[in-house]
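Below are two complexes that have subunit A in common, paired first with subunit B and then with subunit C.
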Partner chain A sequence: MSTKRETKLDLFDIQGNIMQNFAEKGFIKARYLFLEIKNGNRGREFVTKIKPLITTSARWTNDASDPYGTTEPSATSNISFTYNALKKLGLPILSLHSFPDEFAIGMRGRRAILGDNYSSDPENWDPVWNTHDVEVHMLISIEAKNMDNLEERYNKILSLVAETNGGVILFDGSLKDEDGKEITYQDAHALDNEAGQPTAKEHFGYTDGISNPYFKGMLPGMGSVIGGGKKNPKALGIGEPKGNQGNPILASTWAPLETGEFILGHEDEAQEYPACPTPPLLGKNGSFMVYRKLHENVGMFNDMLEKTGADYPGGKEGLASKFAGRWRNGAPLATFPNEEDGKKIAAAREAAQYKQAVAKTPEEIAAANAEFEEVNKHFTGFDFQKDLHGGKCPLGAHIRRVNPRGSLEEDSASYNTPSALADRRRIIRRGLPYGTSTPNSNTGEHGIIFMAIQANIKRQFEFVTQQWMNYGSDFKLANEKDALLGNQTPDKDKDGNPIENVDGTMVIPGDDGKVPYFVSQIPRMIETRGGDYFFIPSLTTLEMLGKRIIDPT
Partner chain B sequence: MSNIAGKAYSMNLMTPITRKMILINKLIFWIAGTPYFSGALNGLRTLSLIHYARWVVVGRKQFPHVSPDQPEEDLEYNYMFFNSNFNGSWTQYVDSFSMAIPSGLNLLWKKNVGWPDAVPETPFNRYVINNQIWSSHYYCAYPMAASNDVKAGQSIKGGVEELSKGLDSISAADFRKKYDATTKKLENDISMMAPTPVVSLANLAIEKRERIEEGKK
Partner chain C sequence: MPNRSTSKNSERAYGLSIYCPIKNEHEGDVSFTSLVRTALQDFKEDEDSPMAKVPNTYLARFFIVDDVIFESFPHTNDHLQSAYLAFSTNFHGNLDEYLTGMYENMNTKIHNVWQYCYGFEKVKDAASFIAYIKKVQVETSYFFVGSNDDSLPEQLKSLYLKQEFSKFVFANQSKSDDELLAAYKEFDARTKPAVLEGPTWRAGAGSLKNVNKG
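Coming up: the complex of A and B.
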């Protein structure tokens, strides 16, 4: 594959939420709208009218001569469709049937695969996902730096909805805001620290969203190949001094993933085009997105840390770090098993982020970006090759489960591709926290709006959720689940009857010859509150959907 | 009829092979089995989701003829029979075979009629499914155990037997030391075992019917 020319993507055709991480650019206020198409004709008119508002993947720049660039918008908006939406918009049946089965079935229908049982059962989801005769067809996401810009874009979209005269409806009163008032949208936002500054933390206090995949066609600033790519099969550190080969902090250890793992119509890791609806232009430059509202039981999490942390030799923070595989400040355990070292590198990263935020001139911006990249590679550039038994980062820690970084291959020389078992399971993560919480919050509105973008929901998001988060066999952990995100079985059902096969355990291997620690009675700390599977069409497809000119013949 | 029992998936593959290729294939099997060349199959050996795998050449005249009433067959080809049990399902794990160990797969199947190549995945996947013989009966004595669980269980059994030796004479402090050493040794084997996650869509259909019966959406 190395003889191939550089991949160039049509960034103006690919929706912006696929390749741009808006939150990283300071767009930390978000609103999600759920719409139903009542009338096909007026639905198509709506799609045509909203198209000029859709943000593309073109990078934001003031340089008018940049062929890949566009000016930074005041707010972003992106649109995606469920299977039933495409049906309602009049897509030919041959095209409809060419979509993957899991997309047609939707998240509710896939609940058994996803482990959405007990408190995560669809019957406990938000009304928008859980009311008879209500069908979410379209998801529109809006992101902005502040609420004024967000409201302005929201009102623009509302007026487009109004113009359809009931042909497209926004779900009314199916969600609640932080005060329990019924609203027509889902809001999300970065959480502030005590000083009122926005952070990248979620409600449990972990710095989130550090690592995302890096694939061919990404431009500088869209991601980092160090840790974001796959293990480089050809040049594992070749040209580096001996002993440095395979060093995960070096760019040469990694290679960009194939574009087709994330964007349809491009070659993927299996050296073919990913399964794509027909005609191929319908899918090209599009992708699939999982939208999932995850409630966080903050009180249960803190109880767990207090009680078990009092007994665990590493203390409360140590326990929190073993659950995640990172200290709560984001420093990865694989490289920074010592808390003080983790604190130091996290402080350096924070300082670099601050410099990025205040940089004004192009020179200052370039210098700040370079400094950030230098520090950030310590947060993304690691693997578990020197920690195969999990003494530093447990085999069952969250980040090691969802992205094993080549550690599933016991003897990587035996495999044709060094991280083959993980390369087909990567997902782009988007989303922000919603609601506010106190350390005791369990009930109420607070959690994460989680979105996963990938070419194949079954192979990527569903596999990771079922086999790697809610099961442990690939890590030789039997049925052990992800302590933070696993669907731990409660000990009683809602009628108070005891449930057999209670799980909620985690073995934390000891480091440097120390004994292992056994955590038990881990409650279900994250619950699903709704969501569905969406198709993110290209701008070309959006145009064709609006005009109803898609013909698979 | 299902290829799934407990945590295991049964793969039976019957692929045609020309008469003259039989000897070559037997030679490949023999060479691949010798220690010097076994490196090519290391991936297949260490892929922990695989319980076991076996390849057998079945000659065109070796197929069972169970009754005089059964018409005589004149087969064009000899066949290679592949039998393996692994964790999960073929659909879930096809990627873990195709991309991880293509050279091993190609070495063993290359001489088979119509073998595409282990990569790209779609033709390979289609070849396997088209030649797969679905299990009409498949039994698993330990439905909660994958092969990793069985291996871990063996280590634990050995460890606990060792720990329980000489308990009458050991001091509390020495027992503590011995106990700690045992848990340390077993730390990667000791996770909890429970039933398998849903693999088959047939299970989903049953669940769906039950929900409809209960009046849920």
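Coming up: the complex of A and C.
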């Protein structure tokens, strides 16, 4: 047998939501279905029947000879399972027990670690997550370019559900739409701008979803190694003084992360196989997903910007940028501390995106993609080596907390790679905004459907949430939380009684010797409305679950 | 069967191991590797296994090698250029006869499984199957140790007789000589120790139920 060094994945065996960002391909309408398996046999029949509808990670192309390619579908669908679903489907007990504890416990049980208290407490979650006789077993996500295609796929899945004669049920009346009407699904969609064009913005007005991890086995078009990978151990950095990790705009500064950080059955950053259920084929090419519905208190956010922005020297937009670490147009503060520079690069990126959207011929598409990549690297290719004290991008800014990009290492010579402390905490981000909002919206249905995909929920999503978003010790920020996503203590408890010691603070370091600014009284701007932990099986495992032939012995 | 130092034929038994590269292609949205796996998972088990119909098979195993196992630090990142279908079988007799019997008894299944492998399109009959297998054969040294080198019918008959004779002993241990002789004659007439065709165990029997239906 001959070997080579390049990682090659069976993209047809890996579910598509793991390696493809459907929203980036214009699939900006989404629907999430929550199902319970009432009968094991009919549940397995359902799993077998839905398999042909599952979208894989194969890239979309018109080139029939592409060994990694398939034609673009009219709609995508992906399926994942909770621990109780696997139990109901008859997975052997030895296999069940081989899954990680946090997955078996689920999001509700892990609320103390996630900081889901007060308004985020599970007792305040949507009914589908919060009713004793309801148990979410399967999550099916559908994405499409338009509602017609989405509805068509939805109806196909509904007919498969109907064929189970009650063996699988779609939760009925467990969710509420924007008008409070009960519905059987959660919809999400890109938010339109004033001209009615879809944008990548969420309800606070930030351009979202810019940076995602880049790992071995990804093909061109699946992501960007610049900023998406890890700091290249072969580039400058190891054994050299802190601050010297190479120019972040260059591809040579970065290297793809190991596949096993995101997909089971492959080598990870610890140079071993990630913990995987038994038998290994059950886990291989699968992953774990966190589904989390995050409500956004848009009115509170805007009040905060108005009040504190009037006092903060950088003004309202400056304050918004310091919270996130990017201008609301997406330009990163580390490279574009000046608002005008940020606006220029954001306009260039928008123009490149427009060219991508209107490109028709293969040549036009290739040219538009190349132009976009050239501009976009300024949005992804940055680090904090020239900003170690946070004068440009605060240490507590959201994007710096969730991906410190090598800025945590005190002595880079001590680590295998210059970004070692972040490399094992990366997550693939999926999801779209839901609902519509006005600048004053607090109550109501609007926020983000947030999904995090990783090999290890405990080490990746839970750690980032607990230690980096809801705590500040690693950044020498004591108990300061993420201003945007932190679980700041609300000023009132659930009965409306005032709470003392509201803890929402943020230090914005001054740049070039200027004094810092202290933001206080930050309210809880994001609240959890429900969610759970899911296993995304490979297509092979899906087939084996349907046939009940998984044998751990 | 004792360990063989190589896969070369011995007097009475043979150990064959082959690794067949699976094409890096796909049919619709399913990779060839998954199609091979599904074809194998669709095999029936025990007496109904297609391998049970292949004369003189002691033990056979199919599996898929997706990639080489990563052996942790310090390491080099080696990967296979394709997945491989691995097939290992231990049998009585010589290779050509065995493969002919295999092709004659399960050629539909053979084509179902192997159609996704490089070079298999040349296989049209038993002779070309033999030529293909010899091309992908590898030398190995560890084989199933759990049988002597007798033919499968002889081994199945022996197992059957051992089982039946145990029952005979339990049932007749306190009888008189005459009674015992009569019982033994009945045993001999029923089990036909010299007749390999039956009654005997069935090839592939996975439990003692129905093993001696010939």
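What we mean here is this: the second predicted complex is superposed on the first by the 529 of 553 C-alpha atoms of A that agree within 3 Å, B and C clash if a C-alpha of one lies under 4 Å from a C-alpha of the other, contacts with A are read in each partner's own complex, and residues count from 1 in each chain.
Just so it is clear, a contact is a pair of C-beta atoms (placed from the backbone, for glycine too) under 8 Å apart; a residue touches a chain by one contact, two chains touch by 3 or more.
Not measured: the values here are computed from a predicted model.
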Fit-or-clash call for subunit B and subunit C when the two complexes are aligned on subunit A: fit
Which of subunit B and subunit C A:Glu6 touches, first, second, both or neither: second
Partner chain in contact with A:Arg459 - subunit B first, subunit C second, else both or neither: first
Partner chain in contact with A:Lys392 - subunit B first, subunit C second, else both or neither: neither
Which superposed partner A:Glu543 touches (first subunit B, second subunit C, both, neither): second
Winner by number of subunit A residues touched, once subunit B and subunit C are compared: B
Partner chain in contact with A:Ile113 - subunit B first, subunit C second, else both or neither: first
Subunit C, subunit A and subunit B - angle at the middle CA centre, rounded to the nearest 10 degrees: 90
First, second, both or neither for A:Lys322, with subunit B first and subunit C second: neither
Touching partner for A:Arg400 - first (subunit B), second (subunit C), both, neither: neither
First, second, both or neither for A:Glu272, with subunit B first and subunit C second: both
Where subunit B and subunit C come nearest after superposition, their Cα distance in Å: 6
Common interface residues of subunit A - those touching subunit B in one complex and subunit C in the other: 271-272
Subunit A - residues contacting subunit C, complex: 1-8, 10-13, 52, 56, 58, 67, 70, 267, 271-273, 284, 539-540, 543-544, 547, 549
Of all residues in subunit C, those that touch subunit A in their complex: 19, 21, 24-26, 28-31, 33-34, 37-38, 41, 65-66, 68, 70, 72-73, 75-81, 83-84
Touching residues on subunit A, where the partner in the complex is subunit B: 108-109, 112-113, 115, 122-123, 130, 132, 269-272, 389-390, 395-396, 408-411, 413-417, 420-421, 423-425, 459, 463, 466-467, 470-474, 476-480, 501, 503, 505, 507, 509-510, 513-516, 518
Of all residues in subunit B, those that touch subunit A in their complex: 7, 39, 42-43, 45-46, 48-49, 87-88, 92, 95-96, 98-103, 119-122, 146, 148-149, 152, 180, 183-184, 187-195, 197-198, 203-204, 207-208, 216-217
